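In order of appearance the chains are A, B and C, and numbering begins at 1 in each one.
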């Protein structure tokens, strides 16, 4: 039986396919600019390596900021629920997930069953997101994917404003003009982002193991700084950007296993 | 003076329509009431720019026409005019980082270009009265208005409650003296206090608060008989309307309408699944968002505005024969007054009484005090009742900062998490 | 421009200002008790009279850390920084912490301290938020007595009348000496920089009063022998809430401004008004509270402005820099009114926003350059 999870983010669409409860295929593409995401096309592309067709998918669950636009999804769930489910599956003993997304960061504490107990989202003042990192990358003329590794070559204590993005940008510009070493500036930026995220995590009182999810979790510099601020190691799955889609797929598989579980999911949002 | 705008009633009014008939009347009366002040000025009466938080019994007893900054500022936002008036306030010098409600209000007072409604409701004030309860904005934003119109200023200084449940006599005496000082200040402008009339106003205040306590018990019924938006408008009534028999009548009717619904087991949603407490300022520019969770079968059953504006007082503390002392006492003891314990007690009691499932706690970026207490309230409610809270940004007063999609997303997510846990348990 | 580094009397004060924790630790090591406080509405005299060391809580320019978990980020950075330090155990040695009834955030700090700092005892000194207000006399005195009793319970001895009178004498001597030192800046020539001035007053507030007074007295004598330097640049007054580091003052002076006075909680407002004489020390402390416009939270605004104009006259100020710590609401409301009033009187005034962690200082340099250039045209 095929269960599919689609995580339609602001920048990328991620798909995870489970066949009989095991990950059989994954698929990542830019989210595109179409107003309505063609879920049919996503499914087709994701299932092609398995020789399967969209009609073979028994249940599709959509999540992510664009979940209401995924035509063909039987159910839509909030990202944090999917991320928690995915994190719990990858690490049954973990107690939390930190989802470092492009435009937003969220953290959740979940219980032994993977149910979210509490969650927190980044506030507007924060510079704790991928969008901020992208802006800094442009400012410094460095490819985003190089920023993390380069930041690790610094041991500087620099940290830029973690409260106000405007201040942070101004500080980086000043640092560039002062010819502060690039790696030190990058470390300061990464520490700022990590500080914001650590504050979010702190609000939840997350104890125990934490799993990271989202594209920004692939940035080794962010993870290192976050571990420094939290005072503990984080669990970084091999493909953190797929954790939420995996969680959605697992929720789809749950529906297959017990279609009449009480506390039924939220009805799909009305199409606008 | 500009002409009345053309009739655009075909367009959806930004002012939501209440559910209960009596609340719809209250809403209309509030809007009408705001129009009355300029007429009083035209009659030669000095007009005061002030705060709803100050015991209005005093203004009513002395016949002082008052413009309330929170109401004018609030309606700026409700009418979706906040970008214009906030910019006007900022152009007059007020920083963008201060309270959006007060920026909207100062924008009306100090801006040069007022829309028709505000032309009909605002006149240059002659005197300004502020207070330090419950936050700094209440005593500071009005100074900008005073500066602009060269008004004398009186500030009612209410002691913070550092004593807990038992407020000592010296604090009550000082608070009462502050209110007497207000009377003396107003008398300097030709107004006279009729003490009997004040006692009558205080007696009515007590009556209204007694009714509100009864209504509170009815509102806590399962399923919830009252929509969240209706609740806010009803709570605004004593702040915006004269404290008279008409106001008492409104609350008696509200009590009766709710009692009827409770007796019939009629709820505002067909299948009520969740009951939510709301902490923080709701989005005035999208006021109906308070009802948004209903699409999931969730109802906001209690919200912070019910006590934040200072009118909702413990009726047992109100004594018409000691008007100044009892009003001061009741306000000092209010959950809106720091320190935090009374606020925590209020929400823990509400969580139990209303059989809440979760707490929505929103952060208006420009609020100076709520963001410093949300963690404490969250932890206390979790500790005492096990209820989870979600805290997220929501500035729905200055529309430029409002993100409707993100707000709905956060509410949807919270509701989903609560339902998932409820379904499993 | 620093001129005093060679003076031992200055170094004693500077070292205390730069490391207040060490001063408190040394007092504790001698078996004493320490009461931290924030906001000038808390009378140091009550602490001194109980035999405890008053320890003003100053922040550090570190970015906000774990305190972010307890406050939303749209709140005062100083408060969050202080709470960070408390969470990190930097105030573990304090036997009591007193907060003034000033701004919304400081009042919340009282609750947060009691709620989340293990073993902490935080007390709100619940004085009024109005001054020039005879009506508050009985209330204020009663609250000062209650605060004294709370301090006494921790100290093991309640301040008595004689001890209070002695404490007032000590603190008035501190004020007298600081005023004498600072009034030197009213002249044409300059003997020390604004940064050194801040070190002097902060150091005096941190040290045990007898040591502070001894250092100040020596410094006053030493200053008579310091060769003054002709002042260059426009005479600038800096006004705002508080600065607990010298960075902004140094920036202004680097850009050519001559800072002659600071209307700050950590500067002139700390010492400008002595405690008046009265038979009853609590009466004296009430009168002191009632005449000192030490905070933008205190009504009336005119009291603050009157004080500002007094300083402008005393120090022959030619321009004013108003600064706001980000999200400091009381001063955010005050600054635009003051700017309008001052400019109406022909005093160029600029309003700046500063991060407590020094973020945004780079942007300020450009604005300050332009401001000073405009003044010197």
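Keep this in mind: a contact is a pair of C-beta atoms (placed from the backbone, for glycine too) under 8 Å apart; a residue touches a chain by one contact, two chains touch by 3 or more.
Worth saying up front: this structure is predicted, and the values here are computed from it rather than measured.
Ranked by how close its C-alpha mean sits to the mean of all protein C-alpha atoms, the top chain is B.
Taking the mean of C-alpha positions as each chain's centre, the chain lying farthest from the centre of chain A is C.
Note: centroid distance chain B to chain C, computed from Cα atoms, is 36 Å.
The distance from the centre of chain A to the centre of chain B, each centre being the mean of the chain's C-alpha atoms, comes to 39 Å. Remark: chain A and chain C have CA centroids separated by 45 Å (rounded to whole angstrom). Shared interface positions of chain C, defined as residues touching 2 or more other chains, are 69-70, 72, 74, 326.
Shared contact sites, meaning residues of chain B that touch two or more other chains, fall at 363, 365, 375, 391. The set of chain A residues that touch two or more partner chains comprises 123, 125, 203. Across the complex, chain C is touched by residues 123, 125-126, 159-164, 167-168, 170-171, 173-174, 192, 195-196, 198-203, 205, 229 of chain A. Interface of chain B with chain A (complex): residues 296, 363, 365, 375, 388-393, 395, 401, 409-410, 412-417, 419-424. Of all the residues in chain C, the ones that touch chain A in their complex are 63-66, 68-70, 72-74, 77, 326, 355, 357, 359-360, 362-363.
Considering their complex, residues 69-72, 74-75, 79, 101, 103-105, 107-112, 115, 124, 126, 128-130, 133, 135-136, 138-139, 142-143, 296-297, 299-301, 324, 326-327, 329-330, 332-337, 339-340 of chain C touch chain B. The touching residues of chain B, when paired with chain C in their complex, are 92-95, 97-99, 130, 132, 135-137, 139-141, 143-144, 147, 153, 155, 157, 159-160, 162, 168, 170-171, 173-174, 177-178, 181, 338-341, 363, 365-369, 371-376, 379, 391.
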